[in-house]
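Labels run A, B, C and D following the written order; every chain starts at residue 1.
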Amino acid sequence: MITLTDFMVVSAVLFCTGLFIIVSKKNAIQILIGIELMLNAAILNLVAFGKYDRVNNSGQIFALFAIILAAATTAVALAIILNVYKQYKTINPDQIKDLKD
Amino acid sequence: MKEAILPQELQTIYLTILIVLLPFAAFILNFLFLNKSKASGWVSTIAILISSIFSIFVFTAIWNGPVIHVQTIWFTIGDSQVHAGLLLNNLSVLMLALVPLVALPVHIYSTAYMKDDAGYGRYFRYLSFFCFSMLALVVVDNLVLFYAFWELVGFASYLLIGFWFDRPAAVQANKKAFIMNRIGDIGLLTAIIIIYTLFGTFDLEKLFGAEGFVTRYSYIENGTWSFYLNHVLHVPVSRGWTVMAPHTVTQIPAIWQYVAFGGIFLGVAAKSAQFPLHTWLPDAMEGPTSVSALIHAATMVAAGVFLLGRVYPMFNTTELNILAAVGCFTAFMAATIALTQTDLKRILAYSTISQLGYMVMAMGIGAYASSLFHLVTHAFFKCLLFLCAGIVIHQIKHVKEDNHLDIDPQDLANMGGLRKKLPVTFVATLIAGLALIGLPLTSGYLSKEGILVQAFEWAELKGGAFMLIPVFASITSWLTAFYVARMILKVFYGDMNLSKLYPNITIHIGDGGWRYQLPLIMLALCSLFPLFSLNPLAHSGWLTGGLPQYGQYTAGLVELMVPVIINVGSIAMLYYAYMAYIKQRDKVAAQPSLLHRISFNEWYIDAFYQRVIVRAVMTFSKALYWFDLKVIDGLVNLFERIARCIAGAAAWFDKYIVDGLLHLAAALVAYIGGIARRFQNGKVQYYLFSMLLAVIVVFILKILIWNS
Amino acid sequence: MSVVQLAFYFMALVTLGSALTVAISKNLVRSIFMFFITLFGLAGLYVLALADFVAVTQIVIYVGGILVLILFAFMLSGKEALEAAQKQSSRFVSLKNLPSLLLALFFLVVMINVIFKADVANLQWLKEANGTQNVIGVNESMINNIGVNLMTRYLLPFEAISVLLMLALVGAAHLSRKEDMRG
Amino acid sequence: MNLLTLLIFTPVLFGLIILVLPSSMRASFKYITLFATLLQLAFSIFIYVNFNADAAHAGISHEAQYQFVQKLPWINLNLGGAGKMQIEYYVGIDGISVTLLVMTALVMVVAAVASWEIKSNLKGFFALFLLLDMAVVGVFCALDFFLFYTFYELMLLPLYFLIGMWGGARREYAAIKFFLYTLFGSVFMLLVMIGLYLSVKDPVTGNHTFNMVQMMDPKNFIDGSVFSILSHQTIMGMPARTVGFVVLFIAFAIKVPVVPLHTWLPDAHVEAPTPVSIILAGVLLKIGGYGIIRICLGIFPDVAHSGAFWLGLLGIISILYGAFNALAQRDLKRMIAYSSVSHMGFVLLGIASQTAEGISGAVLQMVSHGFLSTMLFFLVGVVYSRVHDRDIYHFRGLATLMPRYTVYVMVAFFASLGLPGFSAFVAEAFTLAGAFKSHNINGLLPYWMAVCGSVGILLSAAYFLWTLQRMFFGTISLKGGDFWKGALTDIDWRERLTLLPLAIMALALGIMPSLVLGKINESVLALVQYLQLK
């Protein structure tokens, strides 16, 4: 029997990994990946708890919404990254400190 | 003071004022209008000519007649009124006549003597100014004015000594003359102040007249000098002051009487070149010779003796003895110096000092009249001697300039044998020289023998060491004979030394025109006996009759013996000198001897002043300036530095303690700010990291600590 | 231990392992592909959580959409970007990464702690759901039910999401056009 | 319109005009200043001529006897319980001040002409100059202590700037030194002034008052107040009145200046520009002497009586010390500055004697020294403006080069060394006479002081003649060679026009001392009488 706790532990580990990536990586695309990992960790929890709502499927539906939003977010984020790269010739967030150019 | 002035007196007064003011008018005229013009000489000469004529009128009117004393208020200071006025008595009219009579020939002589000088106008300006001051000096009636003109004649002398102001020696000499005279001046000033304090007036007649305060109403007793006021003075009772009742005694300590005497003595010593203030006079010969003749031989230097004559009643016996001693010593010392000098004018200068010593001595022994008589005769013959010397020097200078020689025209070594070239000058010099020696038939005999006779009589009365004074006076007289002979022989006899030294030179010299000869003749006539006494062998003249005698003498053998001894001695000296210098029989006073050196170096007095006194004063003043700069100013600067130290400490405290706290707080804030700033570094991840850190800290606190 | 449990552990292992590899890897391209594996692993976990529709959606959107998008963006951005992105100097355990690592570990500790303290098995609403049989059965398919729910109960969020999605797409397209950025 | 008020404020009026005028008209400033000073001179001469010199107008301690009085309420604050604060604009003159006023006005004219040599920042210079002029004249006229103090302080400020901005190389040092010295004096003066204010009551209004004339009357002092004569108050163990006198004396002694408070003077003179030197020596020093007579002697006659010996001693020390120092100088200006110290010593000696002769002599000496030191400093300025050097050793034979100049130098030198016929002679002689007489009249000074003082006359001859011989006579030899020879031109008409009136004044006062003595005599007698009554 797979318990909820099992899912949550996996989700936590996944979340922490994403966190680590976000904080430590010097590459905007990897940071984006980190964000996706964290989102997925959250979605995993939604899905895992969604098992206990057979009628309304709220967990699964919100997982779906989250996935879709993540996709949108990613698209925008990538566009931003591209632009930043054009501007600064780097995608290292440490070197992008100025709000204006 | 007289209430009413008689008409004939009024005329005399006006004449006197004219006599005094004419030279002044000439001075002003020359000063303002005739700056460069040759006319200035004639303006001055005519002024003095008129003055001389008037002065004879005044002289005849006053001599042995009534004393005229008029005055007007000059200014009021406090309750004392200072007057300006004239006092004409025998003494002042004597001088009033003498000065223009001597000045006239000198003026005439000067028009020729100075004619080629660039400062011709200036010269006559000064000369007129001198005459004015000198004439005013003799007629003023109070001590303040007396002092004023006393100093003005010194000033005129200063100007004339330094007439050639581009010659360093001349300006050194005039500085010296003025400063030495200043020493005398402050002495005189002190004396005047003392007299004023005691008697409350400056009036000469009131003080020293026959019924004067000094003469009649003052005495020294129990260590105080008292003024017994037995008639009412004008006292401003209305002001509520201490009322000076009649019969009040004013007193000051007796010592101040001696100080007053000392002050007057200093004044006399400075003006009349008495030891110890005589050293300026030989140096003053740097001025034009005509000036030396007028000022430094005849008139101004006699002012000291005149002053003694004015304030004579003030002196007590001790003081008179001091005067006699100093006069005698000066006469002797100056005569010894004159023996060896090689500069023609210096010989005459020391001779003047010596003769002035005679006069002061005569005052000291009470031969008041003889002293002034000698003053008068001396004025004529010494002036004559100087004028002759001027001609000699002038001619030698011509030779020098004609032949471009490098010689000192005043040096005796460059003269000799001038008898034939300058006959008139020679005769005049001879007359004046004999008068100076005091041989019979000259005026000098009349006055000098009078002094000597009285000196012996005076000493006889006193006895003891006082005998030294007439003895030395006699020796001086013989020394005078010797140096006069030496001078005349060296200048006029023998061969022309210059033509020996420089065989190729041409010598065109002569007595010069009438402007040279007339003054010589005038003065030579005045140096002979008839002007003063019809008896050529008397030792007094009509002049002495008009002046008071203070000494008491026993007419006796002395009166007969002294002139004989003195004259025989003098003639012996003349013969000795003739033998020595003309016949070359005997080398007098072997050159390198100690006595010769002392004499030649003027007893080292001047050197002593220069080395010791002047240097001491200068060192002292330098030291004082050092003191001022280092100590007083240093103290000020020290205060400043202390203040600055305190200020520095305060500033330090302010900076590091007071401000330090502030800075510490600020630095703390800045540090914290710096830390906080580091968060705001624009690094997104850093923000995130810190945020998460905060979250985790909250979590840890919340979960691990609070809940456990 | 049942097969299901084994499958779960396997899937969890794959997911976490690949995720950690993403974190450790220096190579951007490799980490992108490891992320691909993570997503697949997650999809497997969704299946095990009885959410097969979500798992499929996950694969379609994430793998087919997002990941491809990332790859495309990466490749389209040119050679320099590729090289710059390749230059990764981060080792997993280095001094520079230590704070991040510690932070992550702290988070993990805290979360694990919270998870075990929370005792999710005994939650009130779970018990009620068990009581009312409101639990998805192992053999049931929820696709039909989800479809109905989307069009009825969750219609408004659904529409809002679609609008948002379109806005995002327009925005992304606008941002990434070639012309002057500041125009 | 009161004449004195007109006299005081004329300069400042013109000063305002100068301030208002644009800088483009700077060429006219010197004419405006000259006109202002000439106008002032005309007023002062009018006052002098109309001054009543009889005994009924002697002034000193009788308020009614002052002349040209103007008395207006100035600051009247009602302090409630503490009474009314009564400060008046109260000006008036008596014999002591009238001659000093004329002297000041004439010196100011000369200084105005001398300032034509100033080239930089003319507006500031002339405005400050006229302000200074006002303050100086005000000091001599003020009869209200507060007004006096105001003018006194107002004087410092322009002087500080005039020295500090237009001075020589070390001007800041000199200006600061001068400022601190005089400020030091005046700060304590302020304390005594307030002490006096609190001690004195106006008998008419019953208020405290600053009226100086009322301070002279012992009856006006409140019983038990600090400076009351009857109640012998002490400050730190010393009698309060003595302390008050000493403090005021120090304040004025710095101005005179009296050794050892003199060291600002040489520095200030050496660094100051010529016109400021002229004002400093000609007028400022006299304020010290005037202050001692009017305030120290007037308000504290008892202390002045008991301390006369020390005043006299300081006077003697100043005379000799200044003279010896002058002998050691090689900077011409510094030499003259020290000679000022020496000559002003006579003023102090005369005042200390408290005899009519002494005080008259002192006032005459102040007037005379006003003219003479003006002349001397102007003459130094002539050489300095031509070659910018004042070292006595750097010149020789100037008489050949600059004959007219030398004539004026000789006049100034001989007048200063007390040649009869010039003013200093009468002044110094009678100062000494007063000092000597003092022992017999009031027993204040010992006899020897006057004798020592006369040595100062000798020394002054020494240093002036030495300078004359060293610098002017002899063959020409200049440090600057032919360049200097070209630069050292004889004085021009402007300089002669300036020097001539001064020389004439020195001569006129010497021949007719009654010009001064006649005006001051009654006041001096009243003062002496007042001092005797104590």
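Points to keep in mind about this one:
Heads up, the rule we're going with is that contacts are C-beta pairs under 8 Å (C-beta built on N, C-alpha and C of every residue); 3 or more make two chains touch, one makes a residue touch a chain.
Here's who's who by UniProt: A = NADH-quinone oxidoreductase subunit K; C = NADH-quinone oxidoreductase subunit J; D = NADH-quinone oxidoreductase subunit M.
Everything numeric here is computed off the predicted structure, so don't read it as measured data.
Of all chains, the one whose mean C-alpha position sits at the greatest distance from that of subunit C is B. Between A-B and B-D, more contacting C-beta pairs join the chains of B-D. Averaging the CA coordinates per chain and comparing them to the mean over all protein CA atoms picks out D as nearest. Here the spacing of subunit A and subunit B, counted between their Cα centres, is 122 Å.
With centres defined as mean CA coordinates, subunit D is found 96 Å away from subunit A. Between the CA-based centres of subunit B and subunit D the separation comes to 34 Å, rounded to the whole angstrom. Inter-chain spacing, taken between the CA centroids of subunit B and subunit C, is 128 Å.
Multi-chain contact residues, meaning those touching two or more other chains, occur in subunit A at positions 19, 23-24.
Within subunit B, residues 689, 692 each touch two or more of the remaining chains.
The set of subunit D residues touching two or more other chains is empty.
Checking each pair of chains for touch leaves A-B, A-C, B-C, B-D. Note for the complex: subunit D touches subunit B at residues 177, 180, 259-260, 262-263, 321, 324-325, 327-329, 355-357, 360-361, 397, 399-400, 414, 419-421, 425-426, 429-430, 432-433, 436-437, 439-440, 447, 450-451, 454-455, 457-458, 461-462, 465-466, 468-469, 472-476, 512-514, 517-518, 521, 524-525, 528-529.
Here subunit A touches subunit C in the complex through residues 1-10, 12-21, 23-27, 29-30, 32-34, 36-37, 40, 43-44, 47-48, 50-57, 59-61, 63-65, 67-76, 78-83, 85-87, 89-91, going by the rule given at the top. Against subunit B, in their complex, subunit A makes its touches with residues 19, 22-24, 31, 93-94, 96-98.
Those residues of subunit C that touch subunit B in the shared complex are 99-100, 103, 106-107, 110, 113-114, 117. Those residues of subunit B lying in contact with subunit D across their complex are 74-80, 144, 147-149, 151-152, 155, 162, 165-168, 170-172, 174-175, 178-179, 182-183, 185-186, 189-190, 192-194, 196-198, 239-241, 250, 252-253, 256, 259, 617-618, 620-622, 624-625, 628, 632-633, 635-636, 640.
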